[in-house]
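Worksheet: the structure to be examined is printed underneath.
Order as written gives the chain letters A, B, C and D; numbering starts at 1 within each chain.
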Amino acid sequence: MFQDKNARIIKTESWGNYFLLRLAAAEIAQKSKPGQFLMIRVSPGLNPLLRRPLSIHDCSGSEVEIFFQVTGKGTELLSQKKPGDHLDVLGPCGGGFSLLPEFKDKEIFCVGGGRGLAPLYFLARELQTAGARPVVFYGGQTLSDLPLKKRLDEAGWETNFSTDDGSFGFHGLVTQLAEKELMKRKPSFLFGCGPEAMMTRLAEICQQAVLPAEFSLESIMGCGLGACWGCSRKIKKNGEIKYLRICQDGPVFPAEEIIWSGD
Amino acid sequence: MVDLSVDLGFLKLKNPVMAASGTFGYGLEFQPLYNLNLLGGLVVKGLYFKPREGNPPPRLAESPCGLINSIGLQGIGVEAFCREILPWLADLTTAVIANVCGEEEGEYARVAEYLSRHPGLAALELNISCPNVREGGKCPAQDPEATYRTVKRVRQASSLPLITKLSPNVTDITAVALAAQEAGSQAVSLVNTFLALAIDLESRKPKLGNVLGGLSGPAIKPLAMRMVFEVARKVKIPVIGLGGIFNYQDALEFMVAGASAVQVGTANFVNPQACPEIIKGIEDWAESQGIKRLSEIVGSLKF
Amino acid sequence: MVDLSVDLGFLKLKNPVMAASGTFGYGLEFQPLYNLNLLGGLVVKGLYFKPREGNPPPRLAESPCGLINSIGLQGIGVEAFCREILPWLADLTTAVIANVCGEEEGEYARVAEYLSRHPGLAALELNISCPNVREGGKCPAQDPEATYRTVKRVRQASSLPLITKLSPNVTDITAVALAAQEAGSQAVSLVNTFLALAIDLESRKPKLGNVLGGLSGPAIKPLAMRMVFEVARKVKIPVIGLGGIFNYQDALEFMVAGASAVQVGTANFVNPQACPEIIKGIEDWAESQGIKRLSEIVGSLKF
Amino acid sequence: MFQDKNARIIKTESWGNYFLLRLAAAEIAQKSKPGQFLMIRVSPGLNPLLRRPLSIHDCSGSEVEIFFQVTGKGTELLSQKKPGDHLDVLGPCGGGFSLLPEFKDKEIFCVGGGRGLAPLYFLARELQTAGARPVVFYGGQTLSDLPLKKRLDEAGWETNFSTDDGSFGFHGLVTQLAEKELMKRKPSFLFGCGPEAMMTRLAEICQQAVLPAEFSLESIMGCGLGACWGCSRKIKKNGEIKYLRICQDGPVFPAEEIIWSGD
């Protein structure tokens, strides 16, 4: 865990409401694993006050990337940053996705809805490096919600796209597309990230298909360090239901431990 | 060289800056970020006798220059604390203070008594001011008599120095401070959070699962500072000031207003290095002002 | 078309948005900027019987997301007001409310009585909650009994509808609200400012000439909203909410929490067009939500 | 009085800690007189909260200029603005300097210390247009505190410079320079703006020389509209000492009405 008060922005890219920032933050980059996140101070001022949690979208050498959607004041401020600006970044926070040796040569589904794809890109890359066969699913409402399409097309693994309105790829929800493929292809594992409703449905599908899965959860966060217990959520651990910290005990949890908010 | 040390009578701190309860976990969480021995002191998360689940989420909401929380003192309980955490904290050279909670007076006393039997604690901070555990945000620190009774009871149950943490949600905080002093508290710390409500307009629901929460952060600083000023002029015991301290200037202003030491809370989230940076800032400032002993400035407000 | 009107029983407002006392001068000052008849209502600066000099400068200090003031109710007195200002205000089609002050109960009554004899006022707002006029920030609204007595006395002196303005610097604001209701107040408005202290570190002097001041603005919004929520559940009379309202969402949140109408204070400084913009924003929002009568949302918090 | 929420910044110039901004704000510009000021919102956020009062440094057609020194958070934020950015501006506020018909052909001293020169440039220009003979005095600690030197040199009226350290112009305080010249030249009027101590001394000098004068005062401001009484200061009006509003009853007051804070 490092606080880099002066992580320099090396590159920015944007597509409508979606933004990608690449940061020079050597200590953080060297320790980062897929599924971990950064706590970023969006302005040196006091309003908004809290850091914002953002997944590590990619990482190599001494650089990390974030990919985010503007959803409020904090991400708005972040979206205005330019190359050369500096950010106060804390990380890597939390635990990552499970990268198991037995994934080698197996098909591993990575299913992301909208900005939920953020942590899955880094994950898919690491899976591929480790000899597994990532199959990425990327869904959005319409084509413009799939800004990472080009990047994924170039990545060298299989990516399947879906849009709710059929403007690109599979016409329907990404959960429907994933379910269809899952029945056909019997992957060994599924990783998911996206809106709560999407992940809830995906967890059901996995349970029915007896497919082990992990999901990355969100919560508003105070510290990102496990110190404030502000991010807690009910989790089933060893049969017991307890409030666990998304930031420290997660953000990635095995499907069977998660109590979905619709439940 | 400036002498930053603070003598509270019952306890000597190497410098006046402590991490505030509930914002610093059990201390371990900040260990990766800096050497905890830099701190003047460290107050751990509130402890009940038994483990405690805390309040339903969401537990945090932002407000202008502020943070509203309704954690509800989720924690591991005093036994697990003494077994798993305290031995590790006891090795630190900084003052470690436990934050003592209770559903009723008896529990406060039991927690204090249990803690007193374990080595490693420099003092107890009596949290009679949390707005997140009783219906409607009520707490003993809103009533001088309930304060007196609770402090008295704890005073009898433990020989550790006692700091009573006061609530700002009162008409006259000096009356409560005097009651704590009367009952044998060796210091008071103020303030705990201000009872608050935030609403999500779209859903017309409270932003917090527990409906009400406690406001902390820069927004409350001028209110906390006023209360420290009022209390310091009335009591004889030392006052520990907190509420929205984010930088060394804030900390020094509280001292000028009458605080012998300060605590840093919400700032630990926004800038995890806040405490060591504040200590360094205080030292540099004192040096630049030619101040030899920092404690000279306590209560030096010219008015 | 949304029906924005608010029926307080004793007074019908064309919309729920009023300018708060002390932040809108005598009304005239904003005349160059927009048509005052757009407002639901307008509360003029606090009035004592005699002209009043106010407190020594500096009278303003900024704090994080807040403003601390110690104006001390400088003003022209009730005679000059009725002679020079009121006739002009009486021509407006918006509800004009006078803010009534007093050094003791008798003066409140005299001011109210004098004002009642002049046409043009829709109601009186009884300011028993200003922290800037008595030693140490004390005020009648910090005590249910003093509140009861003052309201009763004014109630007898004037036949104008009475709104009692409450102080947030209390342990239990509902007790004070109930006392005001009991004594015959037709509504309560809350909150006035929070007693605060700001210090200039360099000079080690208070930033305000009067040492203490009152905190207003976004910083206090979650605290004011909590109090509005508590009071609205306890009293039968309408509640007028204020404290840090800066945009239409803020205003609507107060209404959801239980306020029948709102007042906009400090925002008038930051954005002189705040009031008309808030009114427009409320209307657009209600339309987008398919709300026919805005008053439906009052107290609609789901918890 | 107008609130222009979208005054576009046309030009920025900077010298160290000093900044000049030119704004397109037609309604405001058309009504502006020397000595009046603008209330400027330095950020769309809530911290810092209050607008900042800044003198109208120059004005022509549909444009106004401000000239300021960074002294805190607000002016810092303002200094970061770029051409093309927009500002929320309220003005013109307050009353102006007295521009009397009898100034025609007379020497009128305009004495500014540091950023205090801001309103005097506009004033000198208007005096000159009206046929008076402005004589400007511009003092600072050192040469770099005289960023407007070039502009003044080109203005076509007489300007006298002073620096405390002698690095440029008269070696000493601008009050000493003004006093010296005042004794010699017997001007008809003096306008002053600058630090309180400087104006206090200048007022003394004028009193001794029986020279009528006006000074522009400062105070922290809430509204700038005369509505909050937050800017009040003791002023002697018709023999009576009262708290008057700097923003509305000033900011320019005749020397004999001012009660200096050192008094």
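Please note the rule applied: contacts are C-beta pairs under 8 Å (C-beta built on N, C-alpha and C of every residue); 3 or more make two chains touch, one makes a residue touch a chain.
The shown structure was predicted, so the numbers you read here are calculated from the model rather than taken from an experiment.
Asker: Quick check on the contact graph: shortest path length from chain A to chain D, in steps?
Answerer: The distance in steps between these two chains is 1.
Asker: If you tally contacting C-beta pairs, which pair wins, C-D or A-C?
Answerer: C-D
Asker: Work out the mean Cα position per chain and let me know which chain is farthest from chain D.
Answerer: Here the answer is chain A, farthest from chain D.
Asker: How many Å are there between the centre of chain C and the centre of chain D, using C-alpha atoms for each centre?
Answerer: 36
Asker: In whole angstrom, what separates the CA-based centres of chain B and chain D?
Answerer: Computed value for the inter-centroid distance: 48 Å.
Asker: Between chain B and chain C, what's the gap in Å when you average each chain's C-alpha atoms?
Answerer: 34
Asker: Enumerate the residues of chain D that touch no fewer than two other chains.
Answerer: Expected reply: 46-47.
Asker: Listing for chain B: what residues touch at least two other chains?
Answerer: 64-66, 217-218
Asker: What topology does the chain touch graph have (line, ring, star, complete, other)?
Answerer: complete
Asker: Can you list the residues on chain D that touch chain A in the complex?
Answerer: 45-47
Asker: Applying the document's contact rule, which stretches of chain B touch chain D when the two form their complex?
Answerer: 64-65
Asker: Sort out for me which residues of chain C touch chain D in the complex.
Answerer: Chain C residues touching chain D: 22-25, 29-30, 32-33, 45, 53-54, 57-62, 64-67, 69, 71, 74-75, 217-218, 246, 266, 268-273.
Asker: Show which residues of chain A lie in contact with chain B when the two form their complex.
Answerer: Against chain B, chain A makes touches at 1-3, 5, 41, 46-51, 88, 90, 219-233, 242-243, 248.
Asker: What does chain B use to touch chain C in their complex?
Answerer: Interface residues on chain B, with respect to chain C: 63-66, 68, 136-137, 142-143, 169-171, 194-199, 201, 203-206, 211-212, 215, 217-223, 225-226, 229-230, 244, 249, 252-253, 256-257, 297, 300-303.
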